[in-house]
Amino acid sequence: MEHVWDFSAVFSNWYLLLIGLKNTIVLAVVCLVLGLFFGLFVGAARYSGNRLFNWPATAFVEIFRNTPVLVQIMWFFFAFPIISPFDINAFTAAALGLTLNTVAFSSEIYRAGIQSIHKGQWEAAKALGMNYSQQMGRIILPQAVRRMIPAFMNRAVELVKMTSLASVIAYGELMHQAKTISTIEFNPIEMYTSVALIFFILIFPFTLLVQRFEIRSKAKG
Amino acid sequence: MQAGSFIVGYEWDFSVVFRDFDLLLLGLVNTLKVTGLALLFGIPLGLLLALLRLYGNAVLRIPASFLIEFLRTTPPIAQLFWFFFAMPILLGVEIDPFEASVLTFSLQSSAFFAEVFRGGILSIDNGQWEAAKAIGMNRNDTLRRVILPQAVKRMIPAFLERAIELMKTTTLVSTISYADLLYQANTIAQSTYRSLEVFTVAAAMYFVVIFICSLAVQRLEHHLGRTGELTKG
Amino acid sequence: MTEVLKIENLHKSFGDLNVLNGIDLSVAKGDTIVILGASGSGKSTLLRCVNFMEIPSSGRIVLQGKPVGTEKADGINYPEKELTGLRARVGMVFQHFNLFPHMNVKQNVMEGPRTVLKCNQAECARRAEEYLDKVGLGWKAEAFPSQLSGGQQQRVAIARALAMEPEIMLFDEATSALDPELVGEVLETMKELADEGMTMLIVTHELGFAYTVADRVLFLADGKILEQGDPEKVLIHPQQEGTKNFLRGHGSFRLPEPVLD
């Protein structure tokens, strides 16, 4: 059978898609900002020699890195409300899952970034008489952050893709809006093709940027 | 879902989970089945895509590159829905959740494997190509006999990491009603009203399987690193 | 002669490995002391114990007449704060330069005075200018380390250490990582410092440099001082088999040309 492509229902529902796009971006930005912020502390705790900080941080990171993010989101939506002291809606469940996931991954980026700085840099700073926080703040972090940027950008790309999982618990992001429209308009072909293209257009320029950045920072050495 | 029960105290009851534990195990087997098949098809397809992207003429290279980038930059759930809901109508074929899952994840992972292959091949020193050329080998032989054997060794950790990522991503198949571990958990949770226990146990099962794999990858990386077969580039 | 540094019965071990087995050394102001020895003899560790990059296992370091650390029943306690303050007074130059790649040459030299000594901007700038000129690299102030040759990088590293106006300078194989044609400029800079009366402890393999510049040469083997004395005595008329073997292994050494006259 021959399918006649018809995108009119996609365009006539542009407003619903726009809301979905907005919700996708809101979810991604919230999780990215919170994730990078708290990731620094978890990363520092993992780097610390003190077991009181090190062990819980390691357990946290391993749990979130070694379980599927969809399971995390489902857990926060279906299981967590039973013991939660506050109300959980689709947004909070998705935001909790994706934020904690981002915390776990970004803490590893911080850690790896700091570890990638040559020992000689610590030594030179130490030999000048700097204390630990001066060594870290003036010498190590400024160099490490530059190396971390491509990894953070990759993480951001992954995060935008992962926000689509919130559709499973009916948070009205782009994927969920597409699903709804395709059910009403009976146009799964056009609708799912369009939503894939929207994600591609949203993310691809960013991945090009990451690649450029990686090449540039590699050339710099 | 009443809030505040945290303060009141919640009585955990895992008995329902263990009564239906065989269903969860069946789900885990299905998860591994989809993952395994996707690997089986995805790796050779990835090699093909990598070679097309690296050495194909423009007619082959550009579509291959586009396919790789498209599959890498769109959410897997969008791909799965496209293959399950859109493609059958478009092509007039019938496809069940299992087939759609294997198809989606084979293609999806092939794009990532293609990039691993490409990175591995490019990481081999140019001197190896020149040495092979100097003894009169053509490009195909050089690739097959000299470059790939070295590249594959370096790529093993990246492959395994990708395989673990794949296993995590296959949880999506639950959204099109394929009975993987997450789907089974969801079903049991709905029938027993014990979501907390069921989802926690399911998450723990994922954790055990994936954590063991991650540890194995780390050990292998360590081992390869020590024997000098893995040079970080 | 005022004694700048005294090392008493210094031991250092890493796990089961004893690297230093009782070193005694007295360094007077203006002394240039060259430490020789095969790899693994402990010469770098000795240097690194002086500014506490490594914490000695036992023994004492006395700087300007004042012992470092506080004596406790179970050994000497070294509070981190005291060590930080001590390192600010002891300059160190590393084999691999370890310049800060995210700062230009001037910023590298200003970093210590600024962050550690809390000098004001004008004073930091003055020091950077003065010490970069001293190593002949004032004209490279705005360059980044990656744009410099190895020899230039090492001279910047020397200026960075000098900008702290240290009481003693440590050179840990400062020329070992350099291409042969770049070694001369760094040794020349070091010689000028020695001539100006800087107190220096130098670990090196450059025997010619040791012969012409050192006031005293120590030969280390198995974490002990096997032989020491003026360069003539240790390098030309060594008494110990170990020293003789080491010198034989290095063949005949040539004196750097400009030093002869």
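Per-chain residue numbering starts at 1, and chain names A, B and C are given in the order in which the chains are listed.
Assume contacts are C-beta pairs under 8 Å (C-beta built on N, C-alpha and C of every residue); 3 or more make two chains touch, one makes a residue touch a chain.
Since this is a predicted model, take the numbers as computed values, not measurements.
Participant: Specify the chain with the shortest distance from its C-alpha centroid to the centroid of every protein C-alpha atom present.
Facilitator: Given all protein C-alpha atoms shown, the central chain works out to be A.
Participant: Highest contact-pair count belongs to which two chains?
Facilitator: A-B
Participant: If you average the CA coordinates per chain, which chain's centre is most distant from that of chain C?
Facilitator: Of all chains, B has its centre farthest from that of chain C.
Participant: What's the distance between the Cα centroids of chain A and chain B, rounded to whole Å?
Facilitator: About 19 Å, centre to centre.
Participant: Compute the distance, rounded to whole Å, between the mean C-alpha positions of chain B and chain C.
Facilitator: Chain B and chain C have C-alpha centres separated by 54 Å.
Participant: Distance between chain A and chain C based on Cα centroids, please, to the nearest Å.
Facilitator: 48
Participant: What are the residues of chain C that contact at least two other chains?
Facilitator: none
Participant: Would you pull the chain A residues touching chain C in the complex into a rising list?
Facilitator: Residue positions touching the partner: 118, 120-121, 123-132, 134, 138-139, 142-143, 146, 220-221.
Participant: Give every residue of chain C touching chain A within the complex, in rising order.
Facilitator: Touching chain A: residues 51, 53, 80-81, 84-92, 94, 96-102, 111-112, 115-116, 146, 157, 160-161, 164 of chain C.
Participant: Taking the complex as given, what residues does chain B use to touch chain A?
Facilitator: Those residues of chain B that touch chain A are 1, 3-7, 10, 69-70, 72-79, 81-82, 85-87, 89-90, 92, 167-169, 171-172, 174-175, 182, 185-186, 189, 195-196, 198-200, 202-203, 206-207, 210-211, 214.
Participant: State the interface residues of chain A toward chain B in the complex, per the touch definition above.
Facilitator: 1, 3, 62-63, 65-72, 74-75, 78-88, 157, 161-165, 167-168, 175, 178-179, 182, 188-189, 191-193, 195-196, 199-200, 203-204, 207
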